[in-house]
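For reference, the structure I am asking about is given below.
Chain naming follows the written order as A, B, C and D, and within any one chain the residues start at number 1.
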Amino acid sequence: MTTTKISTDLIQQENHRRQDWLQQDYQALAEKLQRQHIDITTVTAQAQTLQVALPSWGVGTGGTRFARFPGIGEPRNIFEKLDDCSVIQQLGRMTPNISLHIPWDKPDDPTELKQYAEALGLGFDAMNSNTFQDQANQGLSYKYGSLTHTRAEVRQLAIAHNIEVIELGRQLGSKALTVWIGDGSNFPGQQHFSLAFGRYLESAGQIYQALPSDWNMLLEHKMFEPAFYSTVIQDWGSSYLAAKETGERCRCLVDLGHHAPNVNIEMIVSRLAQFGKLGGFHFNDSKYGDDDLDSGSINPYQLFLVFNELVDIQGNMPSFSPFYMLDQSHNVTDPIESLIYSAAEVQRAYIKALLVDRTALSQYQDNNDPLMAQATLKAAYNLDVEPILQMARMQSGGAIDPIACYRASAYRQQCARQRPTDKHATGSGII
Amino acid sequence: MTTTKISTDLIQQENHRRQDWLQQDYQALAEKLQRQHIDITTVTAQAQTLQVALPSWGVGTGGTRFARFPGIGEPRNIFEKLDDCSVIQQLGRMTPNISLHIPWDKPDDPTELKQYAEALGLGFDAMNSNTFQDQANQGLSYKYGSLTHTRAEVRQLAIAHNIEVIELGRQLGSKALTVWIGDGSNFPGQQHFSLAFGRYLESAGQIYQALPSDWNMLLEHKMFEPAFYSTVIQDWGSSYLAAKETGERCRCLVDLGHHAPNVNIEMIVSRLAQFGKLGGFHFNDSKYGDDDLDSGSINPYQLFLVFNELVDIQGNMPSFSPFYMLDQSHNVTDPIESLIYSAAEVQRAYIKALLVDRTALSQYQDNNDPLMAQATLKAAYNLDVEPILQMARMQSGGAIDPIACYRASAYRQQCARQRPTDKHATGSGII
Amino acid sequence: MTTTKISTDLIQQENHRRQDWLQQDYQALAEKLQRQHIDITTVTAQAQTLQVALPSWGVGTGGTRFARFPGIGEPRNIFEKLDDCSVIQQLGRMTPNISLHIPWDKPDDPTELKQYAEALGLGFDAMNSNTFQDQANQGLSYKYGSLTHTRAEVRQLAIAHNIEVIELGRQLGSKALTVWIGDGSNFPGQQHFSLAFGRYLESAGQIYQALPSDWNMLLEHKMFEPAFYSTVIQDWGSSYLAAKETGERCRCLVDLGHHAPNVNIEMIVSRLAQFGKLGGFHFNDSKYGDDDLDSGSINPYQLFLVFNELVDIQGNMPSFSPFYMLDQSHNVTDPIESLIYSAAEVQRAYIKALLVDRTALSQYQDNNDPLMAQATLKAAYNLDVEPILQMARMQSGGAIDPIACYRASAYRQQCARQRPTDKHATGSGII
Amino acid sequence: MTTTKISTDLIQQENHRRQDWLQQDYQALAEKLQRQHIDITTVTAQAQTLQVALPSWGVGTGGTRFARFPGIGEPRNIFEKLDDCSVIQQLGRMTPNISLHIPWDKPDDPTELKQYAEALGLGFDAMNSNTFQDQANQGLSYKYGSLTHTRAEVRQLAIAHNIEVIELGRQLGSKALTVWIGDGSNFPGQQHFSLAFGRYLESAGQIYQALPSDWNMLLEHKMFEPAFYSTVIQDWGSSYLAAKETGERCRCLVDLGHHAPNVNIEMIVSRLAQFGKLGGFHFNDSKYGDDDLDSGSINPYQLFLVFNELVDIQGNMPSFSPFYMLDQSHNVTDPIESLIYSAAEVQRAYIKALLVDRTALSQYQDNNDPLMAQATLKAAYNLDVEPILQMARMQSGGAIDPIACYRASAYRQQCARQRPTDKHATGSGII
C-alpha cells in the first residue's frame, strides 16, 4: 500500500467543497464539446494517460550565479526529495516517475532507494549524468571539457561515469540515459570545432555500447551556458548528427529553453520526429534565455503548439512515446507548488491539443486557407479546459485544487520543523 | 441612416442559427463568473466600449520586399477602402474609426470624403504622415532622411508635409497625428547620432507648433527597417526623450513589433504611462521582427499582459484613453477577414484583463506570493470568454460569427467583379 | 581582348600616385611577417586566388518593403549589369564571375550573353532560380508555396522552372544551381510542417535528377522572411537533412544573414564541412536580421572567424572549393562602390585568416590555453593587411585605391547620361 | 616607494628582447600616420591617459550557476586581491584604481586597506554595494527585492547598506557609488511594475541624500538575470528616468552585456551623453547574453564604435570623464592574464578611435556619402596600432608583452604555493 504524505481525508474534504461547481462546469463543457461530437469522458481519460517526470533536483530551491535564496523545509537528501515528489504526485496525479541526477542522488544502496520510492508509489524515469561539475577527489577536472576534452583520460573518466549511471539506472528500473554536457568554449580559437565534435562522437559511441537493449540514450542540446562562445552540442542540427552517428536508440531531447531567440521550436519538434530522432522533452518556459521558468508561465500558446505537433505525430505513429520531464529552476516559489502547477499547465496544453479538429485543420491546410487553419487551432486553445484537468485529477484520487489543498495540509511547515535549513543544500544546479 | 454593405437580413439569419448555443454558453459563463461576484452584463458592456482603429492601408494585401501576391477584389482608392472598412465594422462592431495615410489616401475633396465615411458610419482616427517614401515630383529626396536630414530644405519639406497632414486631419475630424520616420543609417559612421537626434527635436518642435490644442502628436519608435544599422527613434527611451522635449501633448506610440528580441513590452507600457507619455498602440504580433502578423496570432498571452497593464492604468487614471490601431500586413489572407479576426483577439485580451481579480492580485504582490499572483492572472486568461465577445457583437448589431457571415455574404466575390485586379495597387506599404 | 569600361591609363595614373607609399608599407609588413617566417609574396599570391561572385541584381539599388530610392545611371538590363560588373572586376580583380537570376536576367539568346560577358572578361557562377515571385502570365501562383505547395501542379511549375534554369546555366558555362524558396507560413496551423518538408524533398529530388554530373545544387536556408511564422528550410539542420536526402552533389549554402540572433555561424560552417555538405556562401553583414548590409561592415571579426574555419578546412581538404558570392542590398550607396569595397573586405578577412599561426593555435587548443589560443587569432586579425590587398590588386592590373579610381573615372555620371532613370527597374529584389 | 610584485629587472630583460622590433614597427607606423598629419607621440601620450578600473572580484576565477572551476593560487582576501591587481597595473600601466565590492571586500580597518593599496601604487574607483545576496545574520531577506521590496523595512536595510558603502568609500578616497540591484520578477503578475519603480525612485532618492557633493551615483541597468521575467531597471530608458528623477550627479552606467539582442549600444552611449546622463561603463563582451566575456573578444569593432562615440563626445565636452571598469567573469583563464589582455583591448579601441579622421567623417556625414563615412571609420580601425600600445606601456614602465612577462615571472606558481586552494572562495559572484 502506498504511503501518503498528505492526508487522504483532507483531499476528500477539499474536493467535497469544490465538487458541485466542478460538476456544473464539466457538464457545461461536455455539452459544448458534444456539439463538435467530442466525448468529454474520452478526452478526460486521455488526459489521465499523460505522465511527466519530476527531476529530483527540482524540489530544492534553485538559484543563479548571483545568489540562492533557500526556502524553508528543503529536502536534504534523495529520500526527502522523494517524499516531496510523492506529495506532487498525490495531489496532481500525473508525475509518478522521478528523474535522478548522479552523483547528486547517488544512493548507498540502490535497492533500498527503489523500495523507498515504490512505497511512495513512485518509479524512476531517465537517469542524468553529470560531467559539468568536478566532484571531490575526482582527480582530473572537467574545466576544459568532459566527453570532448582534448585529453583521453578525462574523456574516459566522463565515459566511465556515464556507464556507471546506466548501471545504477538499470538497478532502479530506469529505461533511459540523458546526456547533457557543458563542454564548449568561451573564446574564439579556444576549441577546434570539428575535432571537438569528433571526440564527442567517439565518446558517445562508447557510452552507447553500454546501453541496455531496451534503453534510449537522449542527447540534450543547449545553445550556450556554461560555455559562452560555443557549445559542442549547440542546436538540434548538431544533436541530430550526433544521435544519427551514435545509434538507433540514441535520440534528441528538446529543452524548450535551449534555443536561440525567436526560433520556431515546434518546427524542430516536427523535424526530429519526421527523421525518427525525437526522444524527449525538458519542459520549462523562458523570456530571455535558458531561464528555466515554470512551464507555460511566459508563452502558453507556444506550449500548446508543441503539443499540437506531438498529438499530430502520435496520430500517425501510435508507438511514439517520448520522455517528458519538467526542468525548471524554482527560485522564488515553493518548488512543490511550482511543480504541481506546471505539470497541470503541460496537461492543459495537451488537452487543448487533443481538442483540435484535425480533419478541419487538414482541409484548411490543403486548401490554403490560413485564416481558418489558425482559427481552428485557436478554437481549441481558447476553450477553458480547466474542468477536464480537475475531473482527471479527482477521478485519479488527486485534488481538484491541488495548490489550495497543499497549503491546507501545512506540509511545508511540517518539513520546516523536521528539516533544519541548510544554505548549501546539494542539488541546486539546474540543467 | 448608415449605408450597409452586408445585408442585415443575412446577419440576422446567421445569428439566428447560432443564438441558442450562444445563450447557453453565455449563461454557463455568467454563472461561473457570478461565483467571483462578477456580473457578465457589466463586462459585456465594457467590452463594447473598446474601439480599435482600422488603418486604411490594411484592407489591401500587404507584401514583402520580395513580392506581393494581391488578392481578388482589392480596393483601388480610399472610397473603396472605406467600403471594406465598413464591412469590418458592420460585422465586428468595434472598429468605427479609420486611420488615414497621406499621401496614399489624400482626397481631392476632404468634405466629400468625410461625408462618404459618415454615411458608412465611420469616422477618422489618427492621421499618418509619410516621409519614408519619395513622391513623384517631390523634388528633394528622403533617401538620406526626412525630419533629420542634414540639409535644412529637406527637413522643411518633411515638416511642411506633416503640417499639411494636420490641416487635412482637422477637416476630417481627426484628433491626432502619428509620426513615424524611416530616418537612420545603414553603416556605422553614416550618421552622427546626437546631431541627427538634435535635428529631430527641432523638426518635431516645429510640427508641434502647428498642432491644434485638442490634438495629440504620437511618436512611433522602431528598432530597425528600413534603416539597418541605426534608427533615429529606435526605442522607447529615445521616443520618451523626444516626446518630453517636444511638448505636453506629444506622446509615445507603442507598436508591438518594433522592439528588440525578448524585450518586455508590457513593462514599457507601464513605464510610459507612469511618466504620462503613453499615447497609443499599433497592435500586431511577431515571431522574428517587425513581422506585422495578426494580433494575438503568435503570443496571445503577451497581448493579454499588455491589456492587464492598460486595465490597471485605467483603474488608477479614468481619463486614460490611448489611441488604439491595428497595424498588420495581410500577405496571405483576405484583409477583411484578418482585421475582423484580429480586432476580436484584441477585444478578447481586453475582456480577460477585465476579469483579473485585482484585489487578490494586489495582495499576492504585496505578500510576495508569486505563484498565486501569476495564478490569478492565469485564472482570468484561461477562461473562455468567447460568449462575451459573441454577445457583445450581437447586441451591437454585429455577427456572432463574423467570419462565417462575411463568407456567406460573398462580398469579396462581388468586389472581384467590380474591382479589376491591379498588381501595383497603392498603399501596400506597411508601417 | 577584354573590353574595359575604365581607362587603363587612368588606373595607371592613379596607381602611380600611390605606389611609393604602398611599396613602403608592403616592405614594412613584409619584414614584420618575416619574423614569423611568413613570406608576404606567397600570401599575396594566395590572396589573388580568392574569387567571389557578383550577383547580377547587386548592381541595382536595393530597397525595402517601404521604399526604394534609385540612384542615377542604374543598369536597365543584363547587358548593362554586366558592364557594371566588369568595372568592379577591372578595379578590384577578384570578381570575374557573375551569378544570374532567372527570370530577371533571362536572355533572349544565351550565346550572345555569353559572348558579351566573355568580351568583358566575365564568366558565370551559380544560377539562381526564382519561385518566390509570380511572373506575368504564369497562370498558377506561388502565393502559398512553390516547391512545397499543396497542389502538385504548382510544384511541377516550380520544378520545371528550376530545370529550365539549369539548362540555361549549362549553355552559359555555370556549374551550380542555387535554390532558395520563400515557402513557409505566416500563421501557426497554416502549414503542416512534416508534409511540407516531405514535398520539398520530393521536389528537390526531381530537380536533382536534371543536374549535370559536374554541377552542384546549393540549398539556401533562411529563418524568416517572406514567411513570418515558419520557413520550410529554416536553418542549417533542415538544410542538411534536405541536402543529405537529395544527393551527393546537393550541398548547403550559408548566407550570413539568415540565422537566429546570436547564433555562432562559424560553428555551423565547421559542422557542414565536417559532414561534407558545405557548398557555398552568400556574404553580407547584419545587425538585426537579414539586413543584407555590406560584408564586414558590422562585425568584421565574425567574417574573419568564418574564414578562419575555411582556411582550416582547406588545409585538411585541398579539394574544398565552395561557391562564394556577395549578396547585399545596396540601398544608400552606389552599388558598384559597395561591391568593390565589400569584396575587398572579404579578401581582407581571408588574408588575415591565412596569417593565423595554426601550429601555435593547435598547441594552445590541445593544452587548453584559451587566452593564448584567442591571442593567436587576434595576432593575425590585428595586423594591418591593407598593403597586401593593394599589392594583390595592383599586380593583377587593378587599382590600389579602387574607390578613388572609380570616382575619378566618372563612370557613374557617364551612365547617368546614357541610362535614363527608371523608378521600377527590374531585379531590385534581394535574396 | 611602490612595492612591486614582479621584478623590474625581469620586465627590463623581457622588454630588451623586444625593443628593436618595437622601434622598427613604431617607426613604420609613425611614418604612415605622418602622411595624415598625425603625430604618433601625441597619440601615444593620449593612450597613456586612459585608465580603466579593476574590479576586486575580477581577480578570482568566476563561475556559472552550474559550476566554478577554481584556478591555482587564487586570492583569499582583499589584500591578496590587491596584490594581484598590482601585478596587472605593473605590467599594463592603465589600471591603477580598484573598484571594491561590499561586503565582499569590507575591511576591518579602512585606513590599513588604503595604506596597503597606496604602497602598491593603487587607489580606489567606484564602490559597489550588494543587495542581491543575503548576508549571514542579515535578518531580513532580499529574496523578493531590496530597494524595491514591498516591505519598507527591507528597503531601509538596503538603503542603509548603500549609505554605509558610501561612508566606507569616502574613507578610502572613492568618488562614486555604483548601484546595481537584482530586483525584479520571475512571473507575470509577481510584481506591480509602476509601484516597484516608484519604490525604486524613493529608495534611490534617500541614498542620493547621503552622497558627498563631489561624488557620482551610477545606476546600472540590466535586462534580466537574476530576475527572469522583469527587472526594475531593465534598460537605459528606465535608467535614464531614475537618474533624472534622483538628482544631477546621478548618472547611468552602461554594461556592454546588459542589453537585448541586436541593440545598438553605441547609440545608447550617444543618447545618454547628449542628455547629460552618461556616467560610466562596465566593459566586457558577449555573444548570447550577459556572458561577461573578455572585452573585445567577440566583437572588437563594436568596442571601437563605442570609443568612437566617446572620443567624439570628449571632443565636444572636454570635462566629460566617465567611470570605466572591466567587468568580466574569468571562468577558464588566469584572471590576471585576462585583465591584462582585456585592458589592452580597451586601449586598442580607444587608440583607433583617436585616429579617426573626424573632419573627413563629418564632411561625409554632411554630404550623405555613407560609403566613405564608414570607410573613414574602417581606415582607422584597420590600422595595426599594436606598436602604440607597446610603446605606451614600455614608456610608462610596463611590459611590451605583458602576458609573456607575467608567465616568465611565475607569479601564479608562487601564489599557488602561498595560497592553498579554497573551493568556496568568496567574491566569485559577477555583476
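Operating definition for what follows: a residue touches a chain if its C-beta (ideal position, glycine included) is under 8 Å from a C-beta of that chain, and two chains touch if they have at least 3 such contacts.
Keep in mind that what you see is a predicted model, and the values were worked out from it rather than measured.
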Exercise. Determine the set of chains touching subunit B that also touch subunit D.
Key: A, C
Exercise. With contacts defined as at the top, give the pair, C-D or A-D, that has more of them.
Key: A-D
Quiz prompt | From subunit A, the most remote chain by mean C-alpha position | solution = C
Self-check item: Geometric centre distance via CA averages, subunit D-subunit A, whole Å
Solution: 39
Quiz prompt | Touching two or more other chains - residues of subunit D | solution = 143-144, 185-188, 190, 223-224, 229, 261-262, 264, 287-288, 294, 297-298, 301, 332-333, 368, 370-371, 374
Quiz prompt | Complex contacts: residues of subunit A adjacent to subunit C | solution = 143-144, 150, 185-195, 197-198, 223-224, 229-230, 234-238, 240-241, 259-264, 266-268, 270-271, 273-275, 301, 305, 308-309, 312, 361-362, 364-368, 370-371, 373-374, 376-377
Quiz item: Considering the complex alone, what residue numbers of subunit B touch subunit A?
Solution: 21, 24-25, 28, 31-32, 35, 261-262, 264, 287-288, 294, 297-302, 332-334, 337-338, 341, 348, 368, 370-372, 374-375, 381-384, 386, 403
Quiz item: What does subunit D use to touch subunit A in their complex?
Solution: 63-67, 69, 132-134, 141-144, 182, 185-188, 190, 223-226, 228-229, 261, 286-289, 291-294, 297-298, 331-333, 429-430
